[in-house]
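Next, two complexes with chain A in common: one pairs it with chain B, the other with chain C.
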Partner chain A sequence: MTREEILAELKKVIAPYTTNKEMLAGIDERTDLIKDLKINSANLVDIIIDAEAKYDIEIDYDSADKMVNVGNCIDVISEKLTEKK
Partner chain B sequence: MISAGNDIVSFAEINPVRTTQPAFYKKFLTDIEVSQYQKLPGKLISFEHYVWLLWSAKEASFKHLQRFHPPLVFSPLKFVVTVDRAQKVDTLLDPDDIQPDTEYICYGQIIAAGAELSFESFLCSEYVHTVICDSMAAGKSHQGVRRIADPSPQHQSEKVREFCLEKLSRVKFEGKFDFIKSEHGVPSISDVQSGLTYPVSFSHHGQFVAYSFKM
Partner chain C sequence: MTNHILNHLPYKSSFRFVDHIASLSEDGVKGEYTLKPDSFFYEDHFENNPVTPGVIITEIMAQIGLVVLGMFLMLKETDHLPEEEGTMYPLLTSTDVSFYKMVLPGQKVTVISKKEYFRFGKLKCYVEMLDSDNELVARGMFSGIIKKIAIKK
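Moving on, here comes the complex of A and B:
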């Protein structure tokens, strides 16, 4: 999957946890999940679990810690998809 | 240097089924923390509430420590929580603050980033609110929880500051206060007249907002 394809799917994963739909529509790799999308930190674990199910990957603790902005999320998902091959 | 840290989790905003699934809670609770639930005297609190109690303790301590260590990363498994005891509460702790239906207070410690912190958590059927206690620092701790009508992020942010200002006006009758943020986004209360600053911590989740500060 390309980064653009991962981003398109990632938007769907994030959507239930943000009320800032306008910002979600225009997210880029620098968008911060908490500061920009106003996602409550308690929902970050939900996003990790949903991403695992969506991409059929396992996100370890160290990788999960890095998932602060959209670019980091794409890095981690891309890395785990490559490992799966 | 004193600090402040608090966190609130609204149970209306979490998924109760997912909360009790190991694939979920093992993302942020260690095996030891999970096993400690069995040792809690009297099983006063449900496992679902225990999971979020520990989450809020980890978050509150992260906010407390971030003031001293801005590059600190919130890595929940590296914030190790021990709950010492939980006790039922029959009366409100502070009649000035709105803490509806407070049922239990839980006490414990957190070890993280080379520090050991104590915490108190207020747990009721609707939320858990955790405050980091720093008995070594001078001043009195103040905290509060309030329900708000509109849970939008902007409203949460405005209301928690209004709520905190109300408390400040009761604690210090004179003075004009403002809130400032460090370059890393860590908030403080600024006493405009004296120029003094005091650490403050804000939290919100769904229809609840909360603060803690020491003055």
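Moving on, here comes the complex of A and C:
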């Protein structure tokens, strides 16, 4: 999967947890989940769990800690997808 | 074990809403609370017509359904509460509750909580409250974390 493909899928995963739909439509790799999208920090856990189910991967504590902006999320997801192969 | 948890709840008398833990496991908890007729909120909510406020119903569900279970799960993981136990506080991070029946002063309610997940320090549960006739009072999804808060002295 390319980074663009993961980004497109990630938008769907994030959608239920932000009310800022305009911002969500225009996110890029630098978009900060908490500061820009105003996602409740505890809901990051839900996003991680939803991403795990979507990609059939397991995200450990250290990786989860890195998932601050959209680019970091794509890094972790693509890393876990590569490990799976 | 259940007494141990009750003793560690950080709430003081007027805001402690757990009397008894009926059952407790890694998957969920069942507990009870009887609303005290002289509770501070009945005087004004409503004047001469006391009804338990929805926020208090929510708090009872959170204390039994999330905090008791959360402390149990943390104790299970570590065998003891974190060292600086005095500065660790349970915080509610989201709720989505629907209410079905009023609760009046002196009524006993039962809270049943089922764990959805406990990961990265966050506990999410589906929680129901029943009255003494076993009728549904409220239900909803609750999430919370236990956070270290620096207290300025």
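Just so we're on the same page, the second predicted complex is superposed on the first by the 85 of 85 C-alpha atoms of A that agree within 3 Å, B and C clash if a C-alpha of one lies under 4 Å from a C-alpha of the other, contacts with A are read in each partner's own complex, and residues count from 1 in each chain.
Everything that follows uses one rule, which is that a contact is a pair of C-beta atoms (placed from the backbone, for glycine too) under 8 Å apart; a residue touches a chain by one contact, two chains touch by 3 or more.
In this text, all values refer to a predicted model and were calculated from it rather than measured experimentally.
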Could you look at A:19 and tell me whether it touches chain B, chain C, both or neither (first, second, both, neither)? first
Counting only touches as set out at the top, which of chain B and chain C does A:64 meet: first, second, both, neither? both
Chosen between chain B and chain C, the partner touching more chain A residues is B
A:42 in the overlay: touching chain B, chain C, both, or neither? Say first, second, both or neither. both
The shared contact residues of chain A with chain B and chain C are 40-42, 45-46, 48-49, 61, 64
Show which residues of chain C lie in contact with chain A when the two form their complex. 93-94, 117, 119-120, 122, 124, 143-145
Where on chain A is chain C touching in the complex? 40-43, 45-46, 48-49, 61, 64
Can you tell me which positions in chain B touch chain A when the two form their complex? 9, 13-15, 18, 23-24, 27-28, 52, 55, 59, 73-75, 77, 152-153, 185, 205
Within the complex, chain B is touched by chain A residues 19-20, 35, 38, 40-42, 45-46, 48-49, 61, 64-65
